[in-house]
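Next come two complexes, and both contain subunit A; in the first it sits with subunit B, in the second with subunit C.
Up next is the complex of A and B:
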């Protein structure tokens, strides 16, 4: 599979009075054509910053301090702003956020807002195009004539996905797209994403903290901890045989209908302002060894996956 | 309107701490240049909560679970029906006033969803715990110290943390303080309104453990409000599934999860994700029509019938009552 989107050695730091917060430190991530990739981790692990970095949406006090982001082989971090706005953002890579259903302005109908996106980007737009987009996300065309406040959360989230798809992007970023929604609505959104990949061949990067949701949707999963990827691999391997103690801990902590108890992971994430020459998970790790405290493990190929852990 | 059977009536007679009788809570909206719509947030709920049990209230947004929780501890007045605190005699929560209300309030507490907005960040932890005690008339320094030390231990926090400001704490620590605050008064019943839904996976387990422990060791009953079936399964003794202000199904947690009866419960369970990468290329089927009903629309008969794949004629005409299908397991559905 050729990579459609690829982060290579990406570093994103936030300036702070205490020094740079190293939110994303030397991360490699690939999304192939027609692939759904998942990125998971706790709050503060850097997953959203990584996604923003790949979309070129980092603003001060944050900055990309190293690495590149290649889209179809071209480094998008060096493209002039205006060209990026015209040729890439939305038209090649679009995004849906957790609260994006609140991103509609309340004073225009949903259909007009979707139409506007197409017109501003030089497409024809019009009622038929809007209807087609709404159909794609399982919404009736009458939804287009309604105002955002007349829709339920799930309908708004779907209408927003329709808007994200308006310029037929090849790549969709979805950051916690179902977090505020009820389970039945959530499953419908998940099914919609699966269908979009199948029918339109769109690639998706899904960012979530919900491992159960992730396991049922993605081809490849990345687990992030304190700014670095600690485990990556095909979801069929990772979720049947997780290797990194952090991944194992997260899975044991995820409540599902099959769990009888759930366990927490004691301790906290280290301060990202102090770079450590050790495994950053070692203070919380049940299998910690001497080596973990003096040397940082790199990602290493193990049983079809890449794991950064001295156990392997 | 017909009366629903008191849920759990066979065994809940003894050692109940709270009894809800045919409770209705309606809100009106509109009225100015608009027609008045009545939102029936809670529409005929009867249930009992036993001493030290964790009863999970599960439902979609708008199902009325939070309103029911608020009414249970007197934060919302009933439109009709009543809530009784029955741990020691019988007192009406909805009509209590003055000194009686102040006394009852200690026994009925609430934990909120968002630990970032429910505790003043500019307070020291010690003050966040001291002020409620003083408001309840506990003035002696030794007693306050002892109480605070006790609750800090119960929620698993080092007692030195009391000197920190609330804003210095992490989300998990703040939620523990939220729990510590309600435990100060040895409550009989605590409404926990989505207490873990804002927390990271690594913290959920600890918070659920604290709640489970309080219910077993200190006989605190919890009305645990959640939209997550999996969390309900892990924490609860009994589960009540709410739909548009009514209880659709109530029973022992195991029984409701493993042998659900109501079509709505079944759909919620089908929709709950499990860790299973083998379904990643499949469309997940959920046996339900449409999404999220509005609490302003009141279908006749069974409120669930417009979304129910098994709807029959009788469902459109007559409202089903809760009936006991298995021991302690009640369902309101014409299929049974």
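Up next is the complex of A and C:
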């Protein structure tokens, strides 16, 4: 399977008075054709920044300081602005945002906004096209005539997915598409994403901190911690046999119906402004060894997965 | 779900606010009055304002005539025409006389008497015989009268003649005679206490005789008893009617307020909006510029500048606008920054929508209502600032301003003399002219920022 989208040694830093915040550090990530890839990690681990970096949406004070992002074999970071805007944004790579329900302008109808994005990119648009898109996400065509505030959260989220599909992109970034939605709606959205992959052959990078969702949906999972990938592999293997202590901790912290207590991971993420020459998870790791505090582990092939941990 | 919905709902929301409706009604009234003034009082009238000789026939520093309804005896000006001149012109000379009966039923004297003879030819002498109700007469002679001149009590021969009359009554020497004493001589009961006596009420008569060279002919002349009250707003100490000043000051105040506010609000909103929209170093430079202007002490700056240039309505508006935009720029920048953080702006970027288009679709619609509300609110501030400047004696020449009237009132000690009408009406007008804009502005503010109001 050739990679549709590939990040190679990508680095994204944010400038701050304390020095650069290394939000994404040396990340390699691949999304194949028709593949759903999951990216998980706690808040502030750099998931969204990585996605924005791969979509070339980093704004000041952030900047991409190294690495490349290849889409269909071409490094998109070197494409001139105007060309990228016209030929790539939304037409090849679209995004469903964290809180996409606010992605609609309150002052225009949903249909007008979907229509607008099509027209801007030189597509025909029109009522029929909007209706088709809305049908694709199981929404009635009357939704198109409504203003965003007249829709429920789930409807808005789906309408936004419809807008993301308007230009038939090959790549869809879904940044926590189910956050702030109830469980039933979450399931609907997940099924919708599955169906899109099946029917449209779209590739999806799903960013979430909901591991249950991840295990349900994705082919390959990446676990991110303090700006780096700590474990990557097929989700079937990872979620039955997690290797990195952080992944284990995350899974243990997932609530289930039967559990009476939820186990958390003690401690906090290290300050990303200070580069550490050690495993950044070591202060919180239950299996910490002397080596963890002096040397950084690299990703290493272990049992069908890649893990960055000195335990393996 | 048509597009007219938002505009109509704005209007409905606005009409719900009672103060907004009151403000709107007042505003319409103000604009209508202003239009009327602009048509009815030409600029040439305004030029007369600073020419004292125009106003000599008006009573000086008298209250409005409606004080009579409140138990004050303040007669209004009464004019009498001298007509039916009897006499003739012959080869040896000419002599004419005319008489007029004047009923005076007030406990106070008038504030002045003005005699305006009209004739053609050469007059040697004009003689006035003033007969009081009790039959006593006062005689005044003017030599070489000039046709069309208004002779008042301050005219020296009249002053002297009346002074002598007083001395014959009081039997004591009087070095200087005031207008009030002259009036006492003409109206009070005679006797040693004439100056402190009471006014004789009843029928007076004035007989005017003009003697001149052959060929003299006399036309209608007049005697006026200048009253103790005037018009709806009284007069100042020059006899200028306050009502004229109050009306003439209205268009100026509105023009200044509207022009300066529009420039400063629109300029400030665009400046701050662009700063917030661009971000980065452009934002830094533009915000720094905003703060620099904000730090300029406005009043002191305008006072300083008024010494180097001649202020006109337009450049005063421009200077005020140039100093007052930073506040709006700061607010606009904040609003823009908050819009910029919205998901739909980020979405626009991801969708490859150009930033110009984003500015027009997302930013401008959100900034426009704010602009309208701020303009309305700002106008009152500018009006008050403009009047303040005029009050301080800094303002465009050749226009009548309420601040200028108040300035004159302070200069001529209106409050010390109890001339309340001189300060009251211009003062009220400053409030009245600025209030509707505040009311409308607040109502608009509530409409365009509904989230701020608790429901």
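Just so it is clear, the second predicted complex is superposed on the first by the 309 of 312 C-alpha atoms of A that agree within 3 Å, B and C clash if a C-alpha of one lies under 4 Å from a C-alpha of the other, contacts with A are read in each partner's own complex, and residues count from 1 in each chain.
As a working rule, a contact is a pair of C-beta atoms (placed from the backbone, for glycine too) under 8 Å apart; a residue touches a chain by one contact, two chains touch by 3 or more.
Just so it is clear, the structure is predicted and the values come from calculations on it, not from any experiment.
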Touch check for A:135: first (subunit B), second (subunit C), both, or neither?
-> neither
Per residue count on subunit A, the busier partner among subunit B and subunit C is B
Touching partner for A:263 - first (subunit B), second (subunit C), both, neither = first
A:182 contacts which: subunit B (first), subunit C (second), both, neither?
-> first
In the superposed arrangement, which partner chain does A:298 touch: subunit B (first), subunit C (second), both, or neither?
-> neither
In the superposed arrangement, does A:146 touch subunit B (first), subunit C (second), both or neither?
-> second
Dual-contact residues of subunit A, meaning touching subunit B and subunit C, are none
Would you tell me which residues of subunit A are touching subunit B in their complex?
-> 36, 42-43, 152-155, 182-188, 190-191, 194-195, 209-213, 215-219, 235-236, 238-240, 249-266, 268
Complex contacts: residues of subunit C adjacent to subunit A = 1, 6, 279-280, 342-344, 346-347, 349-354, 357, 361-362, 365-366
Contacts from subunit A onto subunit C in the complex sit at residues 55, 57, 59-60, 84-86, 88-91, 94-95, 97-100, 102-105, 107-109, 116-117, 120-121, 145-147, 160
Subunit A-touching residues of subunit B, taken from the complex the two chains share = 60-61, 170-171, 200-206, 208-209, 227-231, 233-234, 257, 267-284, 286, 288, 291-292, 294
